[in-house]
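Starting off with a structure, shown below.
Letters are used for the chains, namely A, B, C, D and E, taken in the order the chains are written, and counting of residues starts over at 1 for each.
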Amino acid sequence: MTQTQDTPLLEVKDLRVEISTKAGSFYPVNGHNFTLNKGETLGIVGESGSGKSMTATSLVRLLPKHAAKVKSGSIKLEGRELLDLSEAEMRKVRGSEIAMILQDPQTSLNPSFTVGEQISEAFRLHAPGPKKTMRARAIDALRKVKVAAPEHRVDCYPNELSGGMRQRVVGAIAISCEPKIIIADEPTTSLDVTVQAQYLRLLKELQDDTGMGIIFITHDFGIVANLCHKIVVMYFGRIVESGSVERIFANPAHPYTEALIGAVPKLRGHKGRLTTIKGQPPAPMEPLQGCPFAPRCEKADSRCFAELPPTLDADGDGEHLASCWRVLDQ
Amino acid sequence: AMASEKVVIAVSPLGADSNLYWTTTGAFIFPSMQTLVGNDAATGKYDNSQLAESWEHNEDFTSWTFKLHPNAEFNGEWGPVTAADVVHSFNIHTGDDAKLSGIKQLKTATITAVDDHTVRFDLPSPVPNFLFSHAGRGSLVIYSKAQFEAEGIEGYETAPAGSGPFQYEGREVGQSLTFTTIKDHWTGVSPEFDEIEFRWVSEPSTRFAMLSAGEAHAVTLPRDLREDAAEAGQSVLSSSAGAMQSTMLFTGQFMNPEAEETRDARTYAWADVRVREAVNRALDRDGILEVLYGEGVEALPVYTMDPRFPGYSQDLADRFDADYGYDPEKAMALLKEAGYPDAFDNAAIPLVVTSLAGNPEFAQMAELVQAYLDVVGIQTEMREQDWATGNTAIRGFTADFVTPMRNAPVRPAALGVQIFFTDQASPHLNVGDPEINDLGAKLVSETNPALRDELLQGMFTRIFDGYAHIPMAAVPASVVVNSDLVEGWSFPGSTSSGLSHYELIDLK
Amino acid sequence: MIDFSVNRVSAMRFWVRLWSLPLVPITILLVVFIIPAFFADFIAPHDPYVPNLRARLQPPVGFGGTWEYILGTDRLGRDILSRILHGAWYVLAVSMIGIAVGVVVGTTLGLIAGYARGWFDGLVMRLVDISLALPAMLLALALAAAIGASFLSVVIVVGFALWAYFARQVRAEVLLLRNSDFVARSQVAGSSHTRILFRHILPNVMNTIVVLATLQVGIAIMLDASLSFLGIGIPRPTPTWGLLVSDGRDFIATDWWISFFPGLAILLTVMSANMLGDWLREQLDPRQRQI
Amino acid sequence: MIKTPILEVENLSKHFEVQTGIFKRETKIVKAATDLNFHISEGETLALVGESGCGKTTTTRLLLKLQTPTAGRVLYDGQDINTLNGQGLKTYRSKVQAVFQDPWSSINPRVRIGDFIAEPLIVNEKVDSNEVDRRVNAALDAVGLRRQDARKFPHEFSGGQRQRIAIASAIITRPRLVILDEPVSGLDVSIRSQIINLFKDLQAEYALSYILVAHDLATTRYLADRVAVMYLGQMVEQGNTDDVFDAPAHPYTEALLSAALSADPTEKRTEIPMTGEVPSPLNPPSGCAFHPRCHKCIGDICKTQSPVPFLQDPNRTVSCHLYDQ
Amino acid sequence: MGLRTALMCKKFKEYAVLKYLARRVASSLFALLVITVIVFLLSHLSGNPVDALLPDDASQEQIDAFIRDWGLDKPLWQQYATFLGNAVHGDFGTSLKWQGEDAMGFVLDRMPATLQLGGLAILMSVVIALPLGVAAAVYKGTPIDNSAQMFALLGQSMPNFWLGIVLIWVFSVWLGWLPTSGMGTIYHAILPAIAIAWFQVSALARLTRSAMLEVLDAEYIKLARVKGVSESVVIWKHALRNAAVVPLTYFGILAASILTGSVVIETVFSWPGMGWVAIEAIRGRDFPVVQAVIIAYAVIYMISNLVVDLLYVAIDPRIRND
């Protein structure tokens, strides 16, 4: 799993996104640092409201217009700074270089247009051509994502398809222009286990074919464990731990990560009590001192309440980072 | 005038929109139609400007003979106007579907064509005012018999041939009615424009706007707007003679001594003459009339009495100020004497106001009257109802203190007084006074002009002295013309719309 | 599925909400509508009914008029300001009672129809159709003629014109609510239909009713004005705003103030009521669509 | 240990008529539940699993008497619940409670928490207000909420707390059976385990029985004693959880389990690929409903004949032609 | 799907449409029946045609003859039965006020005028309201939004007759751009259409705004943006196509309000349509025409609702292919 490339596919440095509302402002993305290499899958996990989707949308610069904006940091796609691009240039990047798959297959297709129209729109924007070839390419794309009878389905409206098929159409749109990165924001939460398994298999195959990088946002540890190479764990707008899947599952450095893993029942194995995390995450605008997880942390001491822990190297090789004072103690 | 000019007159829509004059209570068919007798534009007097060249009657007014103009002819190739046409018109005007009020007299008559150009009407009883049925409001209009025979009633419905100075051109139902000028009319009168169009526009302000925008040459407007129009530089033209009288009437048999037991205190508060006088005394007529009609409108001593007709009593006119003058103290004293309001169960006297098309003054009049009555302590209650509902209420005697009404005084006094006060009237209008009824009955058979005058005066005096109603004003008809387009126009105010003699419209 | 989480969000921002109270429309409503409605007797400078023939057609201050008659006088010399102030009560009464009639009838029918479904639902929906298919104005004319134009007839017409909207909206909402989990839970708990209807469903449609009612104030006032225009409104001399505007309409080009100021009162009141309604809707139920 | 069944379900079916097509003019039958047979005993947890739309919720609604079955019976203490009335019904209502999936929509936002929790008590039992308060407090204690919370409104609580409130309300009448329809899928990962633990604790304390509907197989395995697998309205397999999970008998159960992802990267899984789409319940396949997706389909019999339940052992039934012979 | 099944499907769909139509028409007919009863009763309770049509000094014989001619002496239910029997054949009797005119024929003659005006008003309100609502939604919370909402609100806050008269004075008299009243050229229709439409613009624009806001929040809009679709295409193609369904549902009410509005506005502008007829007829107690005109209004309303339903199906594939 060692990627020996000089420039990573995507490099995010010190990214901060600010949301300002009438009630005040806060940072749902607060100093993110991570990289994604070719052919790699990065999982972003964390509980609801921790800023996962904000991270994803800031990468394609589609933050809610008036409410949110990137405050600082850099997003480099193969060394090119995305934050400096004009809106028109950015539009070209979207779809053709970075694609995104959204959470809900029920609602992420436009109900008023046929599947074919929606797929070929993506083509047309990046490689215009006559209607006929567009249709042919849409059918191709559908075939690629293993939709049965694509010639027929291409003229269907989204409501005529099942949930799993719809999600595959969304996938077809995403891969239509062979992007370098696909960002998938909880793409399977509303799918059945069996359908989910099919879909994940499909994504893996596509990744193997094209070597694209995938950023997978989820709170399902099953997916992370099965699909991802690297994990980023978010809590309250911050990355609290990052590293390879194996290392983090085997040896979580942050108590939050540890608790999350322990809270999920295993399909096989013990039936003892599950670990729980007491309380709830703080409200976005709550004034905080120290580690935001400290109030819920079983292992917090006075230092945790006093000072925000910096990002520390957990294993000493720079591959496994965590922001917890306990790392220093190990 | 310009080469091809169309005169546009915007008026509020009449009750009915029809070419069959006898079935309506008023219509704008007149420019193309004629009656036997005309009205002088300047004085309103009967003249021979219409189809009859001359007329005469026998001693006791039971037989009237009319001689037609020998050269009169229908427009549109329907030939000369003959006695046969008059007979034919008489027949359709007295048929079952006839609704015209003015032809009531005709119903009892028999008609004879004496010769081609002479007709005679024979009446069972003396009718001194018979000319009224042939001139002005609600009179016999002469249709072409030839057209009827050729085309039937549909012919009249689509384009009735008349003998007037204009030819019927067409009608947009609910919208307009158009006539074209006849270039060589048999009377020799020739309007200086080519077309005339009547437009039905309900909203006075829209009519005013049409006038101001130059879209209409002439419009009828409520008094207030007339004033405004005059201020804006338009000309207000009034009819040469009074066109309308307005009054308020009490209803019920309040002067009938025999009805004493059956009337209840509420409905018959005014059965007491003191209350009636008090009501009259409470009103500042000068103030009201000035507000409502402007200057120059005359107070009316007795409704249906008019200087142009027999029965006019100068004495009553002279006494009017003294007997009906504004005197709230006296009014209050009278009411106190009569025991009002304490002696009545119900203090509120409903004041029913009907908002009649074209008479927005009535609403204001009612408000003013109510305010004045309030001052002397008579509470009234206002019901704004449309004409029909108001009439229903009156007929059912559910409206007690009643409606401002109007009627054209071109109706001879002798007719009017019967219609509004005696047992000849509709039941609800009959005040039930034996004396008035008695005089009225005598009047019917009396042919001596002097005696008739005396009888009428007697009736008027009785009404006047008994405070049998609340007379308001004699009002001329008026029209507002665009002063940039129209020089002048005189009309006597003898039709239901008040407008006539369109051929006399003088353009700039 | 109804998103109940909005309640959580909006409650959290209670103070924020208070801060964002739409002060302008509320102030206008108070000054133009509510206060005059109750205190006209004390604040009106003149008697609204008594004509003063000596002071006819005074223009308003600033247009050649005097402070005696700030907004001018009408054709009969009555003070426009006083008439507007006194008229407020009638406008308030007509709109409130009319809306109340609409709310009570519409909500009751909508509630039962949505909950019981079946033939009753079908019947109510047909009635709604019928009521929408009859232009309110024509019905008003016929009704006014039938029972006579009066305060009562205007209230009935307003109520008739509005009930169907309430019935429809409430029914639609009840249809959603009756399938909601909390209703199911209450059924599981063994609650009776009445208990479910009045304890669980009705409180949850209250928001909608309040919002809709606020938005209907404008429609009610407009309807009242139109009825006056047609001569079948509250009878004169009651100075309802509709009548004032309607009476003055002939003089828009000349003595404009007669209808302008009552018109302005209507405009301000309706606008403010609508703005308040919008605000309420946003606060109470952002998903509610405008009808 | 032989436990007495609380609830016995016999040949239970529920068919819906739905209008489809343009303008909803075509009536079709959705067989949401067909010929179900199962029972639940004192202190036991039975899980219903299966794909979306297979009829799990419908089944629970039938048990809760929210809908009336098309055929079959639900017996509570030997009595058909659809013939219950009066006191019998009240007893049933107070002894069988439910917790639903969505903590946001299952609590009336306009009712105080205390009143909400007390509702099953108030409508079913004659109790005075002191007793109500006492029981509400006890319920709040049991689910780990503060007593002061009774005066608050639902919007003041988070999802996890709301689910606790729903649970408090469900246990206030001391029910014997609580039906849990996806009680944790609406909750965040970090909260989920709290609630799952709470279910376990309550079961231990009150000897509750649970019927659990869950998407998540891991949660099912964790909580359930027995599991019933449903496919398109039919019960395909039933048995003790461990038996079924360790050695699934029905091909569908097998495929379902193989598709589940374990939150353990070291665990190897062999996925059994299922072909084809999930069929629409409006047009269920003929014969065995699962045959178009089945990897063990044995030919015509699967396409033409519905399999009958086969009793492998007293605790285990399977409906598959594989076991017919 | 084989060709045969496809064909069968098509046939079935046509059949379904017919069946649906039949059901809708039947329910509309029931509504109409109820309306006839209401209308019949109301107009009979509301004063006597005798008083409207005969002069105040009409004689008793005249009145009697009139009553006999119009069957006003029969019991009410008999009058209704006769009325209904005739009405089914489109025969509402002859107008009392417009002599000799067939009541329904007369109303139908006026109908094009009203439809023309109403059509223009609908067109105007849509043409103005849609962009306004879209702009307000896209620029939510900005001055554009505020002024759009203000403009819309203004229309809802002015009595329409008053607005009509002001329009006449400003645009016809003072500016002299348009004719004051009457019917004729398209120019005649502009002012009355504005007077009717402005009120509707408000409701429609606000509806469009809220629908757009909802749609703009939808995932598929995000997806379109993610694809790299430009903002204008996102708004006018992806969003509006879906948002437009919501205002469409409002069309039935829109039609009703426009009809109601036309009653007043036709009077102000002397527009000889059904509204004008309605008022004149009711004022004149012209039973046959009153009945005909209200039924005609109801029919227009119901047809427009039916059309909206069908349109709805045409526009929204979710329904079309359900």
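Following the convention adopted for this analysis, a residue touches a chain if its C-beta (ideal position, glycine included) is under 8 Å from a C-beta of that chain, and two chains touch if they have at least 3 such contacts.
The UniProt protein names, listed by chain, are A = Oligopeptide transport ATP-binding protein OppD; C = Glutathione transport system permease protein GsiD; D = Oligopeptide transport ATP-binding protein OppF; E = Nickel transport system permease protein NikB.
Everything numeric here is computed off the predicted structure, so don't read it as measured data.
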Reaching subunit B from subunit A through chains that touch each other, fewest steps: 2
Interface with more contacting C-beta pairs, comparing B-E to A-E: B-E
Centroid-based (C-alpha) most distant chain relative to subunit A: B
Chain centre separation in whole Å, for subunit C relative to subunit B (CA means): 44
Subunit A-subunit C separation of Cα centroids, rounded to whole Å: 50
Euclidean distance of C-alpha centroids - subunit A vs subunit D, Å: 32
Where subunit B touches two or more other chains at once, by residue number: 203, 205, 209, 212, 386, 388-389
Per-residue multi-chain contacts in subunit C, two or more chains: 145, 249, 252-253
Complex contacts: residues of subunit A adjacent to subunit E: 60, 62, 66, 91-96, 99-100, 102-104, 107-114, 121-122, 125-126, 152, 156-157, 159-160, 170, 173
Contact footprint of subunit B on subunit C as seen in their complex: 49-51, 53, 56, 75-76, 145, 148-149, 231-232, 235-237, 247, 249-255
Subunit A contact footprint on subunit E (complex, rising order): 1, 140-141, 218-220, 222-230, 238, 241-242, 315-318, 320-322
Partner subunit E, residues of subunit B touching it in the complex: 13, 15-18, 20, 23-25, 96, 99, 101, 104, 157, 172-176, 199-203, 205-206, 209-210, 212-213, 215, 386-392, 394-395, 405, 419-420, 425-426, 429
Contacting residues of subunit C [partner subunit D, same complex]: 1-5, 7-8, 10-12, 180-182, 184-192, 195, 199-200, 203-204, 206
